[in-house]
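Beneath this line is the structure, given in structure tokens, with notes to follow.
Each chain gets a letter, A, B, C and D, in the order it is written, and its residues are counted from 1.
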Amino acid sequence: MANLINRRQFTIEWGHCDPAGIVFNARFFEFFDWGTWTLFELALGIKPPELGKAFGIVGIPLVDAGARFLAPAKFGDTVEIASQVSEFRRSSFDVAHRIFVGGAVAVEGSETRVWAARDPADPAKIRSQPIPPEVTARFVVA
Amino acid sequence: MANLINRRQFTIEWGHCDPAGIVFNARFFEFFDWGTWTLFELALGIKPPELGKAFGIVGIPLVDAGARFLAPAKFGDTVEIASQVSEFRRSSFDVAHRIFVGGAVAVEGSETRVWAARDPADPAKIRSQPIPPEVTARFVVA
Amino acid sequence: MANLINRRQFTIEWGHCDPAGIVFNARFFEFFDWGTWTLFELALGIKPPELGKAFGIVGIPLVDAGARFLAPAKFGDTVEIASQVSEFRRSSFDVAHRIFVGGAVAVEGSETRVWAARDPADPAKIRSQPIPPEVTARFVVA
Amino acid sequence: MANLINRRQFTIEWGHCDPAGIVFNARFFEFFDWGTWTLFELALGIKPPELGKAFGIVGIPLVDAGARFLAPAKFGDTVEIASQVSEFRRSSFDVAHRIFVGGAVAVEGSETRVWAARDPADPAKIRSQPIPPEVTARFVVA
């Protein structure tokens, strides 16, 4: 058994890069977000904008994010992001991302997200909620 | 009588700039958006997120935007954006923006926006609506 | 004979969208930039970061950009951008972009760019330069 | 003795926010970058784009970044970012950022950056370099 990994390729664009000619750091956190949504689509077979309705949640808000920048990515590079859930807890989970440039890991990222629903006692508030086992089961491959 | 002009100063940041070392073009359209919201706040005395509720609209969605790039803006430049409504029509209006670098116009921008409310016949739809005269009156200075 | 058209599909991401749930206008100008670079790669067979060296230019800086927003693009939409040079002049050219959502044009964009090289008399300056006929010829399809 | 803290206020814009109506996570990493550059300007009295030339470095590239999202920031919020160097090492340093909304910490961020210069043996390469003591001294307040 192993964790399901989503792989997605894309190109580094001119507008992703800063005056040093490399991807501006904040862009990588956009890419991590892309990776998480497509991982969930791959695992659950549900289009990202339908995820909330399908499970009665408001979404999977981010509570923690981090990145280690090991090598630069440059304009025109074809990169691959590999994303997997590294741990499911009761109502939160971690996603690990690796961005490859030319086959080598250029950036390692991590996100902690919450399975979040409206508070029945106060719908203006959001609170974490247990992640259904039928969800977590879909992130494991035999 | 003249049109009310909103002036706002800000600094060009590292992350606004591209590998040529100058502001990436898409950023200027962000700056125009900043200019329009603060112009409306100046004219109407209403915080931008309260604008919809105050006038029974969903917002002022953009239907057209354009820019002429006359001179570059660079990392560390202090710039000023001057924004004014150049024309009010029945249910739409044009905003003209000028971005100054070192006292000279570096970018001229224009936006066409619609005064938009939910369609009473179908709340999933949005349609333009007459702009109240008490709104347009606030954009003129004696 | 017709103009070469580059078509590129991509997905609208969460981070592209604003509180109205639709793509924030400035993002479309990023997409136009993506379209232009890939059109040039298709036409000339040269990777975007190599374009400058291949032709002795510093790039193809933007001097004018515009967009008409006809219909919204939303999180999860698969969109296609179709880009073509609509006119070549001596040292500048126009690129026309159409972004399709569900088969219908949602956004029409235009860019005017310059074929720009360092000024031999003052390398700190950039000036427009005639576009080589072997370049323009590649943007026509029989 | 204490660490010099740079405080900077700004407004959350429409384009900073995502379909949940709150600041999209990647934007906070832009804000951290704003905070670091202005902290260095405050400490050293040198405009950010002049920093490299002043100290014979290529810049202060990021090797690690992280954020904890404690509370949302919304369109129209006035926020303050407080930034300080939390540790100087031989050739790298950590910057701690706190973003306040309504007086409470909404986001805590950290960056690790390197004092980086061209490698004399191979100018195409960049390597870390000892941070001059006259630099570190400026980040302490009596």
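Criterion: contacts are C-beta pairs under 8 Å (C-beta built on N, C-alpha and C of every residue); 3 or more make two chains touch, one makes a residue touch a chain.
Since we're looking at a predicted model, the values are computed, not measured.
Novice: Have a look at where chain B meets chain D and say same if over half of the interface residue numbers show up on both copies, different if under half do.
Specialist: same
Novice: Name whichever of A-D and A-B has more C-beta pairs touching across its two chains.
Specialist: Pair with more contacting C-beta pairs, A-B versus A-D: A-D.
Novice: Need the most distant chain from chain D, centre defined as the mean of C-alpha atoms.
Specialist: C
Novice: How many angstrom lie between the centres of chain B and chain D, each centre taken as the mean Cα position?
Specialist: Here chain B and chain D have centroids separated by 29 Å.
Novice: Using CA atom averages as chain centres, what separation in Å is found between chain A and chain B?
Specialist: 33
Novice: Taking each chain's centre as the mean of its CA atoms, how far is chain A from chain D in angstrom?
Specialist: Distance between chain centres, rounded to whole Å: 24 Å.
Novice: In chain C, which residues are in touch with two or more of the other chains?
Specialist: 14-15, 20, 24, 26, 30, 33, 75
Novice: Across the complex, what residues on chain D touch chain A?
Specialist: Touching chain A from chain D are residues 20, 24-27, 29-30, 33, 58-59, 61-70.
Novice: Applying the document's contact rule, which stretches of chain C touch chain D when the two form their complex?
Specialist: The contact residues of chain C facing chain D are 14-15, 17-21, 24, 26, 75.
Novice: Quick one: which bits of chain C touch chain A in the complex? Just the residue numbers, please.
Specialist: Within the complex, chain C touches chain A at residues 13-15, 30, 33-34, 37, 47-50, 74-76.
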